[in-house]
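Pasting the structures in now, so scroll down.
One chain, chain A, links the two complexes that follow: it is found with chain B in the first and with chain C in the second.
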Partner chain A sequence: MQPIELISITKRFRTAEKGEGEITILSNIDLGVVQGQSTAIIGKSGSGKSTLLHIAGGLDSPSEGKVLCNGTDFATLDDRHRSALRNLHIGFIFQSNLLLEDFTALENVMAPALIAGKKEKECKDRAVELLNRLGLADRMNHIPGKLSGGEKQRVAICRALMNSPEVILADEPTGALDEENAGEVEQLLLDLVREEGRSLLLVTHNQDFAYRCDNVYLLKNHVLTKEK
Partner chain B sequence: MNPFVGIWSRKRIAKRGRLTSCMILIALVMAPLVCALIFSDSMMEGITSKYIYLSDGHIQLNAEHLTSVSSLIGPENAQAMVVSADEITSGYALMYSATNTSSVMIKGVSDSYFNDLRMKQITFMYNENPSSSNIKGIAISRATARKLDVGLGDRVALMIVPDDVKKVLRPVLVRIDAIFYSGYDQLDELLSFIDLDYARELYSDISSTTIEILVTPEYMERLDEVVSAFGSGHRISKWNEHNVSVYENFVTSRQMIMIILMLVTSVAAFYTASVAQQMVQDDIQEIAIVKLVGSSNALVRKSAFISVYTVTLAGMVMGICLGLLIGCNLGPILTWLSSLGIQSLSFYLLDFSINIPWLSIGLISLMLMVISFISIHISLSRTRHITPMRLFTTL
Partner chain C sequence: MFGFRTAFRYAFSKTRGQRVTSIMILVGIAIGLIALLVISAVMNGLQNAQMDQLRNLESFDLIIKSDTLQSEHVRYIYGVDDAFRFLETNALLVDETSETSQSIRIRAFDGDIYDSKRMSQSFTVISGSKDDMSGVLYSYSTRNRMGIRYEDSIKITFLKPGKTATIVPYTAKLPVSGFFSSKMSEFSSSTAFMDYEKLSGIIGSEDSKIAVYVSGNMKTVIQSILALDPDAQIITWQEYNKALYSALMLEKTLMYVFLAFMFLIICVNLKNSTRRLLSNKQKEGAMLRALGCSRKKVNAIFLGQGLFICIIGEILGVILGKILIANIQNILDFVDSVVFSVSGQKTVLALIPFNASIGNVEILFVCIFIFLLSLIFTAIGCRKIYRSEIMEVILNATY
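After this line comes the complex of A and B, so read on.
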């Protein structure tokens, strides 16, 4: 069973202007994220890469088609079950790290596991282990405002890995970082995914980063074509 | 409880000035409400006691059946129910001084009338050097003395309003041997006390004489049982039947005060809902992130609810404690106010023992808890519209 499977996904948006109707962003897309492999989607700005990632993560709904997460169709779930599925099986990393500003790095990393109802001690041990592994041992009790961009992104990666999800969805994870930090984060992400046997679905402009993944798809004219 | 809910709620309370303001506001609303309840309840209890102990007793029995109480209700009932039974003769008179006139009730009482219970309700100042003339003595209130501009040892004329139409209206001269003060001018200015035998001379009709009965504390709220112990065939009235307008005023006042306090409490409770609403508005991004990492809407609502409800309850407890603290120390404040001699204060009893109305305080608190519980829940319903997609549409 694939951790994430997109079947005949079409996404249309209603345009703001009255009478203009709808525009199609994605058209009849099929994509399977293979367990233990990394998959990159490349394409121009506005091509619908992020929309596809949001749909894959159950954050947005497709106009047509269905998204299966571990074989379960997101559309059939209520808020509680959909949230639980996202919490336990998917880790998100975005260009903007989206950390909780009042929480320390440690608390941010612990959040998904705490939400899942795991014991605080167990969560803390796992979070400390991840932060240590990503070189943030001395930054655990800092709030995001006191961390650099690279550190924040590493905290976001730790958070994404906290519940050991089958799949990590990453949207331009290095887009806001300088070259040195970007290189480090790219390597970290690929190593972690490989070492922990996770799947990665990556959306990026960065061709070099994309081609270090096992599979590469190009999103162009609303359709997805395999490049690698 | 989910550990994340606890951590998030604590962080919200710690970081938010608005939540602290909410707590302080609830405390500042509850404190005067509790204080007002203590004041009004204690004052009404106090006034009721003044009427009972100084004016009418708990029960009045017509003196046509004048005999010992135990012979009427049996010695066991008499011992269990009755503290004292005093014969009194009363009537009305106009009192004249050299400068002014006042209408008073003349109440003839024996020496045993002012027992310990009654003496707790009244303070007497006596004439240290009474003259040895044949003029009878009278005790008038401080309010009447002020009105007539007289003092201890002065003489005043009484125009006795006869209880028998055949009698002629006649003046008598009395000497002020005592001035009393019960703390409640409204009652005091109507009362004056003379010797029982002299009162019988002035008001000889049997209808002017009654037995004032004070009941034991156990039967104070069960006067009907005492009345029924006397059986039928007696003209008996309870204090509230004898003072219908006073009693009804108290009942109406209590109800009005409770309604007003409940309205104020409701406004405070609804305010908590607006705080919750504003908190959600401020936290849209945070809520979206928490949902992104897998929180359900129920968990988000629970956390927000706990934050606001905790400060509401904390504010309520603080307010009650503050109100009790002030309310229990009203004595010195009222003593100071009474010493100012402000005319409008004569409508209030300023000397009473503090009675904490736990039931009313509980009712108001319960109302605050229930209304804020419901209104916070309703105002938090909008969290379900906040989805993780907000993060990408607003960034």
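After this line comes the complex of A and C, so read on.
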């Protein structure tokens, strides 16, 4: 069973002006995220890459088609169950290192596990372990405002790994970083796939990073084609 | 627990001036609550003082009209403090020396009511003696108005039952046996006292009633009286002073309504603050959804931050309000001394002794009302989160 499977996904948006009708962003897309492999989606800005990623994570609903997460169709679940599924099986990393501003790095990493209702002590031990592993041992009690861009993104990666999800969905994870930090984050994500057998679905503009992944797809003219 | 912690952090978030806004709203709620509690306590104090005077002097706790009951019977009922038979009639007072006249109510008690604890709280004989009831005991204000003096003889015209007509005028010249003062100016200016035997000798004792001071449960006492005489007519002090009592209750209700409007303004601020917080934290709300919080949970977090502000404001308001109420007399004395030193006049409040008081039930009622109002307005402020889509918020995040 694939951790994430997209079947015949079509996404249309209603245009702002009245009478203009709808525009199609994604058309009849099939994609399977394979366990233990990294998959990159490349394409021009506005091609619908992020929309596809959000649909894969259950953050957005397709106009047509199905999204299966561990064999469960997101559309058949209510908001509470869909959120629980997302919490336990999917880890998100966003471009703009979205962290909770009023929480320390440690608390940010603990958040997904606390949302899942796990015990505080257990959450803390796991979060400390992750932060140590990603070289943030001395930054765990700092709030995001006191962290550099690279550090924030590493905290976001720790957070995405907190509940040990099968899939990590990353939306331009290196888009806001300088070359050095971007290189570190790229290596970190690819190592996680290789060492821990997780799946990675990645959206990026960075061709080099994309071609270091096991599978590469190009999203062009609303259609997904396999490049590697 | 995570939701609870997040709500608290959001309520006092240091980012984008949220903490200042929250503290201002918190202080607003506290000040509003203090105002509500203090005004209620002062009004309760003034109303209680007024009611106590009425019950001590004017209407007693109960007035019984019974053909068979004697005051001794009533006095021994459990919960009754004291009971006295009394007569009451209206008369015309004419002072020939000063050529002035006025109508007056004359009361006569069978027994030494003037020494009773309740009566003596509100009634003082200034000159003459209450034991000498050979004449009429007038109030100090009647003395000043009519210019009458101690041991003057005043012409009083009573209406008494006649032999051929139902009532006939009867004029007697009665000496002034002394002067009294009471804490109720209306009562003082319209009432005089005389000996029971003397008054019953003039107007008869058919209309005599029993005045009752009750210290126990009023309902139980009434039931006991009716058990002794089922035909007894009983008037409670609330019935006797119905118009005034209703007016005081109406005044209190209206005061609550007007103060509630003040809270509406605070709650509109709370709603706007919640909205502002939401627009500040919308990205984080979307992030929480992405991390696995349900829409309901995220909404509860934002609702919780508003309620945290409200609860802390209420706790602060109750503590400070109680401190202020306990010291209100000192504060009024201080204000009075400042006003007196500036204007040479005393303030009205300093002239009326009262004990500001507010019951815990009343405090609880006010707190629940404010809490519910805050809950509604915070929920209105949170509605936006129901409409926002996570993906749109994350894509449009600008910071």
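We adopt the following convention: the second predicted complex is superposed on the first by the 228 of 228 C-alpha atoms of A that agree within 3 Å, B and C clash if a C-alpha of one lies under 4 Å from a C-alpha of the other, contacts with A are read in each partner's own complex, and residues count from 1 in each chain.
Here is the rule we use: a contact is a pair of C-beta atoms (placed from the backbone, for glycine too) under 8 Å apart; a residue touches a chain by one contact, two chains touch by 3 or more.
These figures come from a predicted structure and were not determined experimentally.
Overlay on chain A: chain B and chain C clash in the combined arrangement. In the superposition on chain A, A:68 makes contact with neither chain B nor chain C.
After overlaying the two complexes on the shared chain, residue contacts for A:159 are found with chain B and with chain C alike.
Of the two partner chains placed by the overlay, chain B and chain C both lie in contact with A:100.
When the two complexes are overlaid on their common chain A, residue A:59 makes contact with chain B and with chain C alike. Of the two partner chains placed around the shared chain by superposition, chain B and chain C are both touched by A:114. Residue contacts after overlaying the shared chain place A:176 against neither chain B nor chain C. Contacts of A:84 after superposition on the shared chain: both chain B and chain C are touched. Common to the chain B and chain C interfaces on chain A are residues 50, 54, 59-60, 79-80, 83-84, 86-88, 92, 94, 96, 98-103, 111-112, 114-116, 120, 159, 163.
Here chain A touches chain C in the complex through residues 50-51, 54, 57, 59-60, 79-80, 83-84, 86-88, 92, 94, 96, 98-103, 111-112, 114-116, 120, 159, 163, going by the rule given at the top. Residues of chain C touching chain A in their complex: 1-2, 6, 9-10, 13-15, 283-284, 286-297, 389-391, 394-395, 397. Residues 2-4, 7, 11, 15, 286, 289-299, 384, 387-389, 391-392, 395 of chain B are the ones touching chain A in the complex. The part of chain A that touches chain B in the complex is made up of residues 50, 54, 59-60, 79-80, 83-84, 86-88, 92, 94, 96, 98-103, 107, 111-112, 114-117, 119-120, 123, 159, 163.
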